[in-house]
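Structures follow.
Across the two complexes that follow, chain A remains constant while its partner is chain B and subsequently chain C.
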Partner chain A sequence: MHWIRVFAASTVNAAADFAATYTWRTWTFAWLSRIIAQVLFFTLIGTLLGSPDKQRFLLIGATVMAIVAEVLFTCASSTWERRAGTLPLLVASPGDLLAVFAGRSIQWVPSSVATSSVCLLVVGPFFGVHWTWGTALALVPVLVVTAVTTYCFALVAGAFVLNAMDIRNIVANVLGALMTAFCGAVVPVSYWPGWVGQVVTLLPTTHGLRAVRALADGGNPVGGCVAALLTGVLWLVVARLVLHRLAEHGRRDGTIEFGDS
Partner chain B sequence: MRTVLTGCWYQLLVLRRSPADLMALFVAPVNTAVFLAIVRHADRPDLVGHAVLAPGLMALWAIALITCGELIDAERFGGTLEALVAVPARMLPLLTGRVVVVTTASLFAFAESWLVAVLFGLRVPIPHPAIFVISMLGTALAMACWAGVMASVFVLARSARIFQNALGFPFFVLGGVLVPVAMLPDWVRPLTNVVFLSWSSDLLRDALKTAPVQDFAGRLTALLGLAAVGAGLGAYLLSAVLKRVRSLGTLTYA
Partner chain C sequence: MIDEYAVEITALRRVFATGKGLRKRGPGHVALDGVDLAVRKGEVHGLLGPNGAGKTTLCKILSTVLLPTSGTAKVLGFDVVGQTSRVRESMGIVFGGERGLYGRLTARQNLKFWGALHGLHGKALRTRVDTLLERVGLTGRADDRVEGFSRGMKQRVHLARGLVGDPAVLLLDEPTTGMDPVAAKDFRSLVGELRAENRTVLITTHDMVEAEQVCDRVSLIDAGRILATEPPAALSEWITRFERVDVPAAPAEVVARLRELPGVGSVSTEDGRVRFETTQEGVAAQLVRALVDEGVTSVTTSKPSLEEVYLHVFGHNGMAVRK
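After this line comes the complex of A and B, so read on.
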């Protein structure tokens, strides 16, 4: 119960941050337009290749990777907390650090679900990705699962960059590009050597993407969603361990307040 | 000229301390792998040149947007803009020197992409080396000129980061960095014609093909013309922005 109260308080912080960053106009005309352009950029490669199948494959992959790109803003927003100088107070308080940081960047989840829903449901039909009422309704929870579980992974990245704030954007962007390459967004996972396939099995995004593709093909997304949820929980546990280690080390060597390195 | 060189030297010192300013150089090799994987999986070796050039052009644009876009605002945030405006040296040559260094550094992305192609076991010959080099220089010049525009405009924006995040992919599409603008709908063409990247990417791609490059002089003139427009607009905006923040008393944040 205590964990939920801390998490809820932190989400209020996240909502305030989001409202300070975007108005509905800038979100719609700047951010949503940018995501649509990103998805179109990859979809048009299918046009260049002269293959409607590839166009469809790339549109779905690019849309899920747009979720990844946005959710990885967690790297930046986690460091905003430290920049604000609240970390010593958070470490000193009895609240769980994971509850704080899990709430602190949650704004990227609903935003990414909204942008990806628009891309798949509105832009998708122009490029051969069609939905029935049933699959369209099922798509939103699948995207929620994908975004939430990817967020669990992003929390680990965010926890790591708390100790290396200068490279927060590098980490987020390189991770996003690597996941685009290897998680099955632009080419099937089987294109890469076998060990790459095994590594990306640990990432919730790979399974979320599989679920979205299954749904778009009229198949069953449940298997992909379950695998995404299981790996998501795994990353949440890792995030807790990394944050705990950050706090313990910081207490010991006095770097909690000034550890901008 | 001395002020330009001072700007160059200062920017070199800044870049040494802030690798994140060149973030796109970290992403470009992975993007190359992404694009090469797509064209190889589709068994389209004729598009390898597209896949290798695109990450370089994207990095050039992204670095200009993020790093050059913040040059003036970072001074303002750090409280040094007042001093820069007060000193006898003019701001424009100083900014030019800094933009030139950032733009030159971002050209490394093209070398990175080439190296990734080699790692993939691919060779990317340049049948028209002179045209390639001239087009690359023209592209860098145009980018530097438009980076000056961004640096001025972002001072006036309430949240420049929103625009920095938003202006990447729309321009990658309109600039045809991977998919030629000829494949876009006709109604988009008036827009693509005024985006210098569309001329750059077409010229650079044509320099990688064995066929003779059509109308090189005309296309290069268009690219340089857009660079000149960017330079003029950048100089005008810088002067207008400085005048505005002086008269409003907002040279520094309160």
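After this line comes the complex of A and C, so read on.
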């Protein structure tokens, strides 16, 4: 229960940061519009290729990659603890670091679910991605699973960049690009050598994307969701280990600064 | 009796590697060099020293965010290396300056967050937060964002945050840094309240007056070593003994004559300004009278800096800010 309470307390910080970043107008007309434009960019490549299947493939892939891009903002928002000077206090507190960091950047999850839902449910039908009431209702939880489990992976990246704040945006962008290339967003995973396919099965996004595609094709998304959840838990454990290592490493080499010093 | 002490430090040493990455080599920088210190339960203990003396390094080790290179440190009998959970449960940390708070949260939200980390929830958390907000005089601003607070108000939130876990031991690292005099005075009275609650307070400062006013005992630290542990009365005596008397201009023969007065330690001249440094209590007043008698009417007296006191008392000049 303590873990959940700390997590919940930390989400208040996430909400405050989100409210400071966006108003409903800027979120709708700036952020959502940007994501739709990005998804359309990829989708129109399929249109130019004259292939409705590729158009659908790219729209779904680009939409899920928009989740990845937003959730990877965790790299930046995790480092806000360091910038605020709260990291030493967190390390010196009896609370669990993972609970704090998991709550700290959670704002990107609902936001990315909202943008991807709009892209798939509103923009999708214009490009051949059609939904019944049933699949539309099922889509949202599938997107939630995809975003949450991808967030678990992003927490690992965020924990790593806590000691390398200068490269936080580079890490987020490189990871986003690699995942776009290899997780089946713009080309099928089968396009790549077999070992690449095996590596990306460790990423929850690969399975989340598979679940979304299955649902859009009228199939069953459960297998993809379960695999995403399992890999998500794996990355959550890794995130905990990395945060623990960060704290212990910082204790050894003195990189956890105190106050303004 | 071991139970008598809230903080026990024995032969504590911390050496930082010099260089970066793979180039970390060489003897390293010694931040703490065999520190021995014992702080009694319920005591307000000052750690007085200049920048770079090792105060913050010592606080970091006690608060479990830094490992010592050697030696031991215990808080309420719990080792800061091997029993971190127990130490963290029993200790509150407050440091000065702007950082360490969530600016976008309100004062109440900040305290609730840190309270949750200390295992508080529900009514107990709300009550504790309300009590602390009232105690630090922020009830009226409890629901305002901290980023809009003055430095003094932020420091009050810091103190409330440090107390939210109801710690038996409180570490205050340069808590009045950047505060205006009124806010600093208020803060010191709050420290007095902590003493009345029988909490152990370890406060680091480079302000002798502050150390004298709030501490039961003061340890003087420099170059990573404890030079002495004194009652605040000793500081008070040093402050009055080593006063300075400045005059913008004075005839050379007057300066030469006053230089010979008993208790005048040194006389220096810079850009025509003359500074007399005294080494005995009451000599500053004698100097002022003598100067006025000689027709020098523009005279200023001031308290000695910590560096000057260290120089006089400990007879070394290793006070430069260290890396």
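The rule we apply is simple: the second predicted complex is superposed on the first by the 257 of 261 C-alpha atoms of A that agree within 3 Å, B and C clash if a C-alpha of one lies under 4 Å from a C-alpha of the other, contacts with A are read in each partner's own complex, and residues count from 1 in each chain.
We adopt the following convention: a residue touches a chain if its C-beta (ideal position, glycine included) is under 8 Å from a C-beta of that chain, and two chains touch if they have at least 3 such contacts.
Just so we're clear, the structure is a prediction, and the values are computed from it rather than from any experiment.
Asks: Fit or clash for chain B plus chain C once both are placed on chain A?
Replies: Aligned on chain A, chain B and chain C fit with no clash.
Asks: Considering only touches as defined above, state whether A:Val237 meets chain B (first), chain C (second), both or neither.
Replies: Neither: A:Val237 stays clear of chain B and chain C.
Asks: Would you check which partner chain A:Val226 touches, where first means chain B only, second means chain C only, and both and neither mean what they say?
Replies: neither
Asks: Looking at the overlay, what does A:Leu137 touch: chain B (first), chain C (second), both, or neither?
Replies: In the superposition, A:Leu137 touches no partner, neither chain B nor chain C.
Asks: With both complexes superposed on chain A, which partner does A:Arg251 reach: first (chain B), second (chain C), both or neither?
Replies: second
Asks: Consider the C-alpha centres of chain B and chain C from the C-alpha centre of chain A, and write down the angle between them to the nearest 10 degrees.
Replies: One gets 90 degrees for this angle.
Asks: I'd like to know which partner A:Leu202 touches here: chain B for first, chain C for second, both or neither.
Replies: Neither chain B nor chain C is touched by A:Leu202.
Asks: In the superposed arrangement, does A:Ala30 touch chain B (first), chain C (second), both or neither?
Replies: first
Asks: Look across chain B and chain C in the superposition and give the shortest C-alpha distance you find, in Å.
Replies: Between chain B and chain C, the shortest C-alpha distance works out to 12 Å.
Asks: Along chain A, where are the residues that touch chain C in the complex?
Replies: Within the complex, chain A touches chain C at residues 2, 5-6, 8-10, 12-13, 16-17, 19-20, 84-86, 88-95, 100, 250-254, 256, 258-261.
Asks: Would you mind writing out the residues of chain A in touch with chain B in their complex?
Replies: That would be residues 21-22, 26, 30-31, 33-34, 37-38, 40-41, 44-45, 47-49, 51, 54, 58, 166-170, 173-174, 177-178, 180-181, 186-188, 191-192 of chain A.
Asks: Can you tell me which positions in chain B touch chain A when the two form their complex?
Replies: 18-20, 23-24, 26-27, 30-31, 33-35, 37-39, 41-42, 44, 47, 50, 159, 161-163, 165-170, 172-173, 178-180, 183-184
Asks: Which residues of chain C touch chain A once you look at their complex with the stated criterion?
Replies: 14, 16-17, 56-57, 59-60, 63-67, 85, 88-89, 91, 93, 95-105, 109, 112-114, 116-119, 121, 161, 165, 173-174, 177
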